[in-house]
């Protein structure tokens, strides 16, 4: 189950989708919107993506994770559009016979998602300004 | 939130209980009943515990995890009594500002729970026999 | 002195009792209790090398002293999770 | 040849366009496209050292050839999750 969704992420549905009598462990990761990044306060976020490529990359990640770990089921859901503080932007669930594989693959999947999947976050700061987040890029003097 | 419960574990309630604007990550671990242990088939499980000591040990684990990692909230729920195949026996949720801490502390908490918390599992095998699980102990010839 | 000892899981199954009473000389420590338990309940034999004792809700070493007010339990190897 | 290039996030913001059209000599590769984009859209300057190009839904190296049927996009550093 790999989905890009506009509505709030239903974590119960992810957990159900990976449940299996072959699995002894489920690990669910949920990424949520933090209020403070250092001293800077976030009011809300907007996410956009390149849908065809994002789906292709997420499917590649599922394939690679299954090659590396004995996984029963994987579910990855990323939210798009406008998110308020505290809402979940991403959820990843993995089930496996033994728990160490679920922890390792879940951690690897969110690391890789953040590296390679074409999804972008715009911070809407509490001071009223907004900014696309592009790690490593200095914003122009007058955006 | 630390609980020993007789009824099915409500993972949505665990996730809610650890949600926070200070957290950027939630990791939920769910342990479920596998059908096969090697070639041997499980029909159901029964869990019992030493309640006062189990609660004391779980609280110690929460304290120690908070000392080791910058955790926002922890929830640990263990189910007791009779469990059917596929049901969750334990759920642990951890929220933290950064995801690596939630993965590491969640993994550590379930490892330690399985080592030190006085809870015991009885396997009710599909062949009709039952057996308390005590790692390292050879069962007597005629139980 | 008399010590009440809670029994769990296979320990309860082998002794068919949830609480057993053990008579010990005073003073006594956990090592004395283990020895007395194994003598009084030979059915605990399979657990002999794995017999952990809890005193007042914590694991206790062999030299931990006991008195009649101690809350004592046999903790066979745990299998929660 | 003319290549349509999808723009996302800050790349779209800086160019104020969701798709831009770039004229390239034939044959052309990703490196030629990057150079043409930066000349035609100086506002992309802040992204110059971070400009990844996707061709047919995958990241493409500088020597990847392009043709008018290619599905092409500018991928600024990603920040999902």
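As written, the chain order gives the labels A, B, C and D, with residue 1 at the start of each chain.
Throughout what follows, contacts are C-beta pairs under 8 Å (C-beta built on N, C-alpha and C of every residue); 3 or more make two chains touch, one makes a residue touch a chain.
This structure is a prediction, so every number in the text was calculated from the model and none was measured.
**Q** Please report how many Å separate the Cα centroid of chain A from that of chain D, as a whole number.
**A** 25
**Q** From the mean C-alpha coordinate of chain A to that of chain C, what's the distance rounded to whole Å?
**A** A distance of 50 Å separates the two centres.
**Q** So, what's the distance in Å between the C-alpha centres of chain D and chain C?
**A** 73
**Q** Two-or-more-chain contact residues of chain A, please, as numbers and ranges.
**A** Touching at least two other chains: 31, 110.
**Q** When you check chain C against every other chain, which residues touch at least two of them?
**A** none
**Q** Classify the inter-chain contact topology: is it line, ring, star, complete, or other?
**A** Looks like a simple chain-to-chain line, open at both ends.
**Q** Hey, which chains are touching each other here?
**A** A-B, A-D, B-C
**Q** Touching residues of chain D toward chain A in the complex: what are they?
**A** It comes out as residues 6, 8-10, 13-14, 43, 45-47, 50, 54, 57-59, 71, 73, 75-81.
**Q** Considering only the defined contacts, which chain A positions touch chain D in the complex?
**A** Contact set of chain A toward chain D: 31, 47-50, 52-54, 56-57, 78, 89-90, 110, 113-122, 132-140, 143.
**Q** Which residues, counting only chain A, touch chain B once they are in their complex?
**A** Its residues touching chain B are 11-12, 15, 19-36, 85-86, 95, 97, 99-100, 102-103, 106-107, 110.
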